[in-house]
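Worksheet: one structure, shown below.
Think of it as A, B, C and D in the order they're written, each chain with its own count starting at 1.
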Amino acid sequence: MIKDTVRQALQDLFPDPEPVIEEPVVEAAEGDEADGDKKKPAKKKEEPRVNGVLERDHAEHGYDIDVQLEPGELLAAIMILDKAGFFIEAVTGVDWIKEDQLEAVYDFSRYDFDVCRVVIRTRTPRSNPIIPTISKIYPGANWHERETHDFFGIKFDGHPHLIPLLLPEDADFHPLLKDFKP
Amino acid sequence: MGAYFSEIFLGLKSLVIGLIITFKEFFKPVVTVPYPFKTIKMSERYRGHIELIEDEEGNPKCISCGACQRACPSGSISLASKSVEYEAMVKGEMKTKKKKVLTKYNLNFTTCSLCGQCVENCNFGAITFSKDYNLASSRKEDFHFDLLKRLQERNS
Amino acid sequence: MSGPIHIQPGETFTLNVGPQHPATHGVLRVKMEMDGEYIVKAETVLGYIHRMHELMGENRTYPQVLPNLSRLDYLGALGYTHAHVLAVERAAGIEVPERAEYIRAITVELNRIASHLFWFGAFVMDLGGFTPLMYAIEDREYILDMLEAVTGSRLTYCYYRFGGLYNDIDDDFIDAAKAFIPRMRRQLKKYDALVTGNIIFEKRLKDIGPISAEMCRKYGASGPVARGAGIDFDVRKNEPYSVYSEFDFDVPVYHECDSLARYMVRMDEMEQSLRIIEQGLEKLPDGPIMPKKKPKLIKPPKGDYYQAVETARGSFGIRIVSDGTKNAYRFKLRSPTYSNMSLFDEACEGMMIMDALAMMGSLDLVIPEIDR
Amino acid sequence: MSLTILNAVIAVVAAIAFAAVNAAYLVWAERRGAGRIQRRPGPNVNGPLGLLQPPCDGIKLMAKQIMIPGGADKALFMVAPALAMAPAIMSFVTIPFSDTIVAHSMNVGVLMIFAFASLGAMSILLAGWGSRNKYAVMASVRAVSQNISYEIPMLITVITIVMMTGTMDLKELVAGQAGGMWNWNAVPSLASPLMPVSFLIFFICSLAETNRAPFDLGEAESELVAGFHTEYGSMGFGLFFMGEYANIVIGASLITILFLGGWGCPLGLFPGVWWFLLKIYILIFSFIWIRWTFPRTTIYGLLNLSWKILIPISLFNLLLTAGLLKVF
């Protein structure tokens, strides 16, 4: 199963000794999910997720491995996926305005029948959102990153051609930011 | 050398096959409908713009609850009503009952995407799809339908 | 991304293909740096019909977004609405009756054939042959008539609902579909003889426009583009959704990596779709088309949900980030043509313009879907 | 003297009228034919069977404003359409429709027609260059290379025929084939057993010379927008269009005269102009038929076809015929 090997490889990115940090992370996530599924969704939230690897139920979420990491570790994680033969599905962002953070989300999936969709998230402060580009590893990320830059204003450090793609070339607004007023 | 000639031969053969196919089609009847002169019947479920449904008395069934207005993704529907006692019209006995009467039901067809959310969300079966499709015009105002007026025109 | 290699500056000229150009089938623009007829460097410029569907998805309720999805890809609209209903059903945990799923599969496959037929005609027209387009449109008309009788519209369908369908199919539809299958098989044979076997056609596509499997992976290509590069990837098989796991169908894969391979994949896919429709009509269970208990207001629980489907153009994904309200917090559309098109810049370097445009045609572009 | 001038004027007017009427109604025939092949009616609204469509089109084109793109070479831009039409009409002068109907019989008729046909490429080049459009330039470069490479096999085939018949006079060429279809040049004879192949080569070449599909690279719509006449509107475009159809008529006439016995009946009975017209219209129909069946070739595919297949075969045929003529 590629899922386990990739999970293990991604787990190794996190410097802290495994058993110490992993347990609370998984628990927190499970608690989070249970929260959502049950009656009281409004309570006990806005606790930014702790970095780490989570395993998700494919039937429920549509993906298998959910990784959150620091922007600095992004390239290492992407390289692991590149070596394992994943293809890039999409890059996008989410604006967590309450936490004052922007999240970049990278989707990877596989061509073979060993279904494993990996989601990599990385968060960066809203005031100065900079994330290293992965277009050197996956050239297909070029457009996706430009699009994310259009919509969220996340600057992809080292991107060769970071000009508006879908928006007009003189656009200075980022429509998917939650505080965007048209 | 053999491959050279066989390629020429096979190529020519494939071209001739293509020619035969189009030649056969040449004698088949045309399949198109000359549109302005002939039209086809629209299917039963064809979704044109919406239309108000009348009750037995010729009044709109609509009770102006506004469910369609809320459901519309593009905000194409605007309606207004006034609350009247409406004594003169009441044929039954309940004279005192207040009633909301539709005074305006406008559909801005320029933004309508014909999704049918309004019809689906109507709990009173008061709107339906028309079968109109000859709707070309060069003026924007022609697509601001006053459905109430259309209903009255249909009745008269 | 490599620049001109052996050409001196000033020897090339810039050619703007588009935004209004017959080959781009819409408002796509490719800035090409040309050396005579050869492309030195190409840069695709998008966004001419960008409509910000993702923002619309955030400020409308889930049912209100439904019609938007069919505006993404006007040729294979049902596949896209299917993705949306599946994603919301996954997020909100809505059960779907089996009959509804079967009808969805049948209509999606019909729509896929319609889309491939139109692509076939338009692609051959790109290559200068006009007549197949008219034949393809005639066949497509049968499908549109069938779908119109069921869904009420001909192009931008809004047929699926969360939990089921807008309305049930009737016997007329089943009869029409059953009559259509043998007819389409005959027509496919005709296309084979008229177009596929044609030497001019073959010469124009064979070994032209190579897109390797590795390139597909790096750019995230999917659908017929990936299958034409020898990748056995079809979301319907790899990650079965709806009732596709109950159908017996093959995924056509060609290893030539050229434009002809991509063409052949689509032509074979039509046959496979016919098989699915055939089986679907046979197995079609009776029952309701909407679940008994359906929430009036759809409010998926907090979370992040992803749903991928195989549309006519490739793997289409929807990510819904829900914050528990009736609007999505984030509504991401992963459109297949966007990824497929992004490899064009690299793949067309060094090609002649007419081959590059033939390759562009073989990618099966629908511009509204790229721009979203 | 005055009689000759009058004769010449009548001949030229008749040629222009024939060319123009043909061009106009070939457009109609093409659209109707294409419609039938594609299972649709084609133009059928203006007049019975849409027969008034060509005059309507003509009036529309003539009534439109002539636009000259900014920065274009005005003189070349204006000259090019005329240059497309004029040589086509000039070629009609020497084509014999029957043994009596011919404007001016010349003993070098074949040469003259080819001389004028080559001018057609010139008009495309000027149009492309004059209109200051990259697409137009690319298209005209393509068209010129295509014209050059297809004139070679065409002329080699003609040389074969001239060698067999020993004349360049079109009338005599036809007279040599009189008396039934077994005498036609397209039919293999002892001296030239490969004549059907030559006929095919000539046919393909005339398709290419007239820029017809599948060799219409000069106006490849899907990649070069409209090719060399991208910037032309109104009657400039109309002239290119008419020139193209006039060229088709000439191509069909040439094939008829060189290979199919001109005005001779297939069975040797009642020779006359009607046979000639019948033959050229059948040929023109096949041009239309081919155009609406096949996709377009590529520029290198086109050149490969000419240099790798047509020229070697026609050369071989030339040598074979020369050798066999010595023997028999």
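Here is the rule we go by: a contact is a pair of C-beta atoms (placed from the backbone, for glycine too) under 8 Å apart; a residue touches a chain by one contact, two chains touch by 3 or more.
This is a predicted model, so every value here is computed, not measured.
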item	value
Count of contact steps on the shortest path from chain A to chain D	2
Centroid-based (C-alpha) most distant chain relative to chain A	D
Among all chain pairs, the one with the most C-beta contacts	A-C
Middle chain, criterion being Cα centroid separation	C
Whole-Å separation of chain centres (CA-atom averages), chain A against chain C	26
Distance between chain centroids, defined by C-alpha means - chain A, chain B (Å)	43
Distance from chain D to chain B - Cα centre to Cα centre, in angstrom	51
Shared-contact residues (touching 2 or more other chains) in chain D	37-40, 292-294
Residues of chain C whose C-beta touches two or more other chains	131, 135, 138, 194-195, 198, 200
Chain-level touch network, classified as line, ring, star, complete or other	other
Pairs of chains found to touch, sorted by chain label	A-C, B-C, B-D, C-D
Residue ranges of chain C touching chain B (in the complex, touch as defined)	60, 63-68, 71, 131, 135, 138, 145, 148-153, 156, 158, 161, 166-167, 190, 193-195, 197-200
Touch list for chain D against partner chain B, complex	33, 35-41, 44, 289-290, 292-294, 309
Touching residues (chain side chain B, partner chain D) in the complex	8, 15, 18-19, 21-23, 25-32, 34
Residue ranges of chain C in contact with chain A within the complex	1, 46-47, 50, 52, 54-55, 58, 87, 90, 216-222, 226, 231-233, 237-239, 301-308, 315, 317, 319, 321, 324, 329-330, 332, 334, 338-339, 342-343, 346, 371-372
Contacting residues of chain B [partner chain C, same complex]	10-12, 14-15, 17-18, 21-22, 25, 31, 43-47, 71-73, 113-117, 120, 129
